[in-house]
Amino acid sequence: MEAPPTPPPGAAATSVQHRVPFYETDAMRVVHHSNFVRWLELARIRWLAEHHRPYPEYVAAGRHFAVIRLELDYRRSVAFDEEVTITVWPEWVRGATLRMVYRLETARGLVAHGATDHALVDDEGRPSRIPREERDALRKLCASPVPPGAHRA
Amino acid sequence: MEAPPTPPPGAAATSVQHRVPFYETDAMRVVHHSNFVRWLELARIRWLAEHHRPYPEYVAAGRHFAVIRLELDYRRSVAFDEEVTITVWPEWVRGATLRMVYRLETARGLVAHGATDHALVDDEGRPSRIPREERDALRKLCASPVPPGAHRA
Amino acid sequence: MEAPPTPPPGAAATSVQHRVPFYETDAMRVVHHSNFVRWLELARIRWLAEHHRPYPEYVAAGRHFAVIRLELDYRRSVAFDEEVTITVWPEWVRGATLRMVYRLETARGLVAHGATDHALVDDEGRPSRIPREERDALRKLCASPVPPGAHRA
Amino acid sequence: MEAPPTPPPGAAATSVQHRVPFYETDAMRVVHHSNFVRWLELARIRWLAEHHRPYPEYVAAGRHFAVIRLELDYRRSVAFDEEVTITVWPEWVRGATLRMVYRLETARGLVAHGATDHALVDDEGRPSRIPREERDALRKLCASPVPPGAHRA
């Protein structure tokens, strides 16, 4: 994932705007890097509501999309009060996991890009397969419905 | 970085203990994944103080080790009041960047592992080469003083 | 401040909407109380931009409105994905300090109310008087331009 | 609560040390004021474990000490890597609520003081009376077992 990704043709993408609050900055006078991780969640949850199912319904049903892997490349720092656009789309869906990809931009250009892998778990954290119907629905939102054999090569 | 890493022979490692505060949990009733990123920082800063130079001295001098890449694999969720041990060591040091590797454990075993790449920047966020003397000192703390050609293959 | 406050006639008020992100919840499955404090800041900074001067201009000039006192009454818990409206207005302005008052509501009604006192400080944290011109401008935004003798009796 | 409080004779007090992580700072180059609220929780939870009952037992039983009021006076800013000592003790216990008082210090002296009022609630956030036995036990930990008539006058 060396080149900053863009939503491929056919992928269902969602963008959210986020104006940087003062409390997300740190003593470097820019946003602390851990907050980018939270921004990914903002976009992901909006994506679920727009394209799949509101996440509160998952939570109410005792189901969660736990993060099992996180990758983030930081290209530029982001300052207090800047507006960040976080764009997210799914890359692949497997039996029990799926991958979401992110692109983060401000008016100054690309600031970061990344990916998160998720597993469906219950309230006790036990993983479970994504029901076939849901999996099929989620796969239709990816550019390529077939998970690549070597997706990180 | 598929197998959970352990400090290689010769690498200078530091471990910190962190008892999970209630405010780090989320509505899944486990620690929110973004807090793991902050735990890496706790360990890294202790590592700098123990093996290299207290980070407050860097900050006071207007220098920062900005995070330019982050990778985290989450293996188990962590609950309120559990004690997490975060172990950190350097993997390689280049002209302007270095990589730190992490292993996170509780009494129940491995909970996560990851890595962060850093660039030395000034107060304005401009990258600068790590001074040769410092670079040499930092390299002596790695298992292998020569950065591998294809470290992420 | 026992009765939930409302903006008095003549006071310059600002309201911001905030949809609760998942990462603001805790293991009680509602928003962690410390996040309400951050919401006050969101509203306060918007208020400054709308009625006085964008806060980034203050920060760029090495000036900050440090919080010197905080009071919050929590009336109802707030859940993931709820929309909170935070309304803020100034109560009084003195030589070196000012007080902002807040009312927090969701569709279910009042969830909290509070106040913050602020002192103008420089980059080193040294307090300084609010320049007369600014003070006069800020006082015009309060309902009552004269600070009450016993405002917290 | 104008004079910085100290634990009165007979009150069960607990102190915790907290070294300030970099991620708790903000662009004022000191700790963001919202983090002080989290420090109070660190001390409170340690207090419960030392003097009453480990908070994880409460949570496991679906009971929580929800914060219903918060007061904080900030006297000095706190910097990255400083060690803060947070001392906490109970002020009074009523039928369904109790008040904890806090004093925060660094090597430079008092940095803040405050108080939190709590109500015992269940997993659904419904308040319930503190069982008489527990209430009696908690009251023995206060300096004065009788709640003052006008504690905030």
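Chains: A, B, C and D, in written order; residue numbering restarts at 1 for each.
Throughout what follows, contacts are C-beta pairs under 8 Å (C-beta built on N, C-alpha and C of every residue); 3 or more make two chains touch, one makes a residue touch a chain.
Predicted, not measured: the structure shown is a model, and the values here were computed from it.
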So which one's got more C-beta contacts, A-C or C-D? C-D
Same or different: at the chain A/chain D interface, is the fraction of residue numbers used by both copies above or below half? same
Farthest chain from chain D, going by mean C-alpha coordinates, please. A
How many angstrom lie between the centres of chain A and chain C, each centre taken as the mean Cα position? 32
When the centre of a chain is set as the mean of its C-alpha atoms, what distance in Å lies between chain A and chain D? 37
Chain C to chain D: how many Å between their CA centres? 23
Contacts with two or more other chains occur in chain B at residues 22-23, 27, 29-30, 34, 38, 41, 59, 80
If you look only at chain B, which of its residues touch chain A in the complex? 27-30, 33-35, 37-38, 41, 59, 64, 66-77, 114, 123, 125
Which residues, counting only chain D, touch chain A once they are in their complex? 22-23, 25-27, 29-30, 32, 34, 80
Quick check on the complex: what are the chain A residues that touch chain C? 21-23, 38, 41-42, 45, 54-56, 59, 79-81
